[in-house]
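Two complexes come next, and they have one chain in common, subunit A, joined by subunit B in the first and subunit C in the second.
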Partner chain A sequence: MMTWRWAIRDLLRHPTRSALSLLGVAVAAALLLDMVMLSGGIERSFGELLRSRGYQLRISPLGTLPFDTEATLGDVTALTVALRRDPAVREVAPVLGSTMQGAHGAIAASLVTYGVTPTSQGIYTLESGRDLTATDTVGILLSVPAATRLGAAVGDTVSLRGRLDPQMANAGAERRVLVRGIVRFLYDAREQPSVAVALAAAQRLGGPDLTDRASVLMVRIDEASDLTAVTARLRAAHADVAVNSIDDLVAQFRLRLTYFRQLSLILGSISLVVTVLLVGTLLAITVNERSGEIATLRAIGVARMNIARQVLVQGLLLSVLGGAAGMVLGLGTARWLDAILTSFPGLPAAISFFVAEPAPLAIAAATLLLTGVLAGLPSAWRAASTPIAAALRSDAP
Partner chain B sequence: MLRRLASCVVLITVLWPGHAKAQRIGIAIEQRLAEASGLAVGDTLSVASPNGGPRRPAVVAAIIEPRADPATILRKEYRVRFHLADLAELLGQPDRIDRAAILLQPGVDPDSARALLDRTAFGYELHGTAALAASSSTTFLVVSRFHRAIAIISVLASAIFLLCLMLLKVDARRQDVAMLRFIGISRRTVFIALLLEAGVIAAVGGVLGIGIAALTSAAVNAFYQQTFATTLIFSLLTWRTIVEAALLGLVLGLGAGALAAWRLVRLPPLVLWGRAG
Partner chain C sequence: MTIVLDARDLERRHALEGSEVTALRGVSLQVEEGEYVAIVGPSGSGKSTLLTLLGGLDLPSSGSVAILGASLSALPDRALTRLRLERIGFVFQRFHLLPVLTARENVELPMAEMGVAPDARRARAAELLAYVGLADRSGHRPTQLSGGEMQRVAIARALANRPAILLADEPTGELDAATGREILALFRRLHADGTTLVVVTHDERVTSEASRVVRMLDGRIVD
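And now, the complex of A and B:
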């Protein structure tokens, strides 16, 4: 307790210097916090998004990731039946993605159109109105951007046009559909105008090219089943398609985000170096200034260990106070940086780059505190080994 | 002139030469694929659409080195070029394309041509080259904004660090300053001396920093160019950056030095010496 009081008193003795050092440590701690959040944040965010509807597997055309290309799976009915034969598979949700034209009155807009099986889908949540039913082939669900662009609301009738022929300037297929509800598509980018209709309706609008086809199959398996074993089994049974678990997809995603992981490592390390330099310099100067006082303490019998502990506690105190201020500052800057990065084109709106997770944050805090202590070690050693007589002589008036 | 483009993921397997019975098509593969798979000009492959459909034998007619593209570098995909008709047939979508590039006659205003074509557009959209370039560079603009934000935080941290160091350094010279004042050196002279010292430290630190930046930049480029097997430049240290950084460092150093020096010279010499209030 005495040691802490000594450290606090010493910091208060030079308020400007201590405040600046604390501010420096706080900015370094904020940067460290942001980089820890960035290093794994988007992966966790992406994983959580994929898991949000409970489908553990995605099946896409061989050599592709879901919705990464325009390739589609063929013979979807047979594939779905075959997948359902696996005892661990509880549900298979096919999704067909394509681009179609929507029209409401005089307004026409290009729309991302999802064909879904309304009773088992994992790509949207209902916001208003009602969902499609299993037999509903004349209903449509709009995202808010699609509704805004078309100027349509629940209860309105809109036209959906597929197989557009630029040469003949006509649509090969057109269907009038009733807006049943407004939904939020989980994987959509910001302001993406998307709609959902029954899978059969989307396939018909797409024409022969899309008959019995889907872009991806989302598969839900029994919670009690071993996901790795089921994935391996399905891969062996369906070698002509790509079977990916959420962990596989996150791993692929991670590969594309190498840059951010490396950047966070570099900047996180720099912030620790800044902390070491700040705390180390402050303590070195403090020990220099107090050499006479330290020699007196040693002369009256205070143990070397106690002197060293006092210096180390001062370093720890700087790290604790600076780190606490840095946490607040870091959360603020993380929101600012996240707002910048989430404006990446095509990125799902639900994804965050900076995610605060207890374990990484605890590791960052522990690293910062340890850094503060380590930075004080040379000064603590110097203070503990101060030659008493020489220090007292040089400090004498 | 209309340049038509079609693209798709295509599955490729290497065939033994004797297996190529059907009519073979010529393809060009990129250097990375050739190196990774040990393919050479004249080798025969089997190509198919992931949508299904028949496989076709294809002969490697050329090995190409596509222009380095930062947009696709992290995807690590391999590029294969087909004749348009071959790819369309392979995909089962004859006479279809993803996009077309239009070269206008000299003197034709692109905006008015686009407006004219837009009036008759059905099932397609027209984009001017400038708008398309702006749109496709959005990713890099976001990265650039992110870098700028990180730079602001770094400058803030550096400024505080510098101010702190100057304060500590000048503070450590209290007795020197007191002595100078005792022997009659004016506050102004002491202030200028401390300021000059801060300026020299900032300038030397700046030069060292630029040296470290040049080394780091070279290391970053070497690492990423090897990692991604590309000629792209990842870290670019320009003269403008150097001058801006040096000036910023000097201004911050002088500012911090001035503040620290002012705090010191305004105190009476006895206080600085530690023998008065």
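And now, the complex of A and C:
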């Protein structure tokens, strides 16, 4: 039988009805696509972001995750030395995060300040100007939002005031620093004004409370080492701190995103139900309208199986065309929704909520097509069971 | 002569609004190869019901129908469907062409179901459309054809798989007199070419052309 050609022409027989049904399937497919991308996308994107600079482990105060609280690690110098004693550890990069006030001329702004070891850091990439050097204690690096807020550029001098007292609205230590470069902080939220200075400078500006302290230590280990074994070894050797691999952090993140996954599962399921209803309804109407044709086909010797296949192909065709349109629609809406969601405060701007990955998308597409076929089963069965003589008698084409 | 169709003691009862209606009462009919049989009778006499039983579109309440010795009642649905495809050609009063297919594709349909290769079925469809005088309308859809043209396409479709018998139910019923004459002329030609025909009709012109006339009344053959 000329099944596909026939199915296409049959859809074109009622163009408005078919177009509306296809639009409905496309919207449902777009929703399914977005939910599939959302369900695992942010988790994968977070993992990729953490891995982007090659530090496989994060060490933070016991019971916390990096930058999850204001708690800091003590005796960082000794801890760093101790960590480096492990034969698999190649690099240890301490980062101290705090809030300071920056001023440039008459402009002042609250800034997220990172104290880093410039030669081994994994939290920013240089955009313009130059990086800090190992001995540079008077240099500062600004993010674009920080530079914009302060109205500062490379070569300008700005004041940095630490030990902010929110109640007294005044600062403790103050230091004049020279803007060396503009950088992009990997974990910053969108429009977050951040700066980086040498760790020692940040500790001094923070006062005695931050002496020899850091928020997190980023640890790079030898690529050839067994990450699980190294993690276990470091945990055993440093039981007073939290040693987390990227997989551990992603797992924690996953726990916090349970809501997203549940939401995406529910909405994805709804989209499949909508597809079933749309395709099923259209095919039921079509089979009703075509009962005379179907009886004719049966009369001239077309097998029940081929009649059923004809109906199922039409359902499949609706799913394929609707799914293709839904793919375009879904990618467009994902980009739009991503822009909204990543602008939420506190979330790294580099994270994507919607990540298109081949395997989940292929599964979603296959599920959609299968749904289209399954939606056609009742109508296919009814078409194949058409009573020939009665349908021919009652049909007036 | 070969008996193409052998119907014996056919009865067909329907349930209608709680009571039973008997449409056929003990009808027997044999049709030999090459015969042109006209079944006539008033409305409600059971002639269309008889045709549906002869063609295996419905099964009798009792009695039997055999096509070239194959008992239709004994066949499973798949085999009965195959027998209709291979042995029986149908022509309906309302043509029943598929509107989304062209004339050629409608004629090709039974051959496609038989598994005939595309080239061969295209050639056979062209031959049949030429036979019924529609060689130049093969690319037209049913909505672009007149009633007479549609019926000729339906006849070409019925002949596609070279059936042993052609069953026609009021083939001129939807046509004007002139067009009806064209269709009857085509049947005459088919009969002359050796096709076995059973035609159910109100049209008295058919009775003058058929080799045998079977008259029905109240579900029985009366003549």
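Simple rule for what comes next: the second predicted complex is superposed on the first by the 385 of 397 C-alpha atoms of A that agree within 3 Å, B and C clash if a C-alpha of one lies under 4 Å from a C-alpha of the other, contacts with A are read in each partner's own complex, and residues count from 1 in each chain.
Here is the rule we use: a residue touches a chain if its C-beta (ideal position, glycine included) is under 8 Å from a C-beta of that chain, and two chains touch if they have at least 3 such contacts.
All values reported here derive from a predicted model rather than from experimental measurement.
Judged by the touch definition given at the top, the superposed model places A:64 against subunit B, while subunit C stays out of reach. Within the superposed three-chain model, A:119 lies out of touch with both subunit B and subunit C [touch as defined at top]. Of the two partner chains placed around the shared chain by superposition, subunit B is the only one that A:23 touches, whereas subunit C remains out of contact.
Here subunit B and subunit C are compared by how many residues of subunit A each touches, and B touches more. Contact with subunit B, but none with subunit C, is seen for A:285 once the two complexes are overlaid on the shared chain.
Of the two partner chains, subunit B is the only one touched by A:341; subunit C is not. Comparing which residues of subunit A touch subunit B with which touch subunit C, the overlap comprises 397. Of all residues in subunit A, only 1-2, 6, 9-10, 12-13, 292-293, 295-304, 306, 388-389, 392-393, 395-397 touch subunit C in the complex they form. Within the complex formed with subunit A, the residues of subunit B that make contact are 8-9, 11, 49-52, 74-76, 92-93, 120-125, 135, 138-139, 142, 145-146, 149-150, 153-154, 156-157, 160-161, 163-165, 167-168, 171-172, 263, 275.
Partner subunit B is touched in their complex by these residues of subunit A: 14, 16-17, 20-21, 23-24, 27-28, 30-31, 61-64, 69-72, 74, 101, 110, 164-166, 169-171, 209, 213, 255-259, 267, 270-271, 274, 277-278, 281-282, 285, 288-289, 333, 336-337, 340-341, 343-345, 397.
Subunit C makes touch with subunit A in their complex at residues 48, 52, 55, 57-58, 77-78, 81-86, 88, 90, 92, 94-101, 105, 108-110, 112-114, 157-158, 161.
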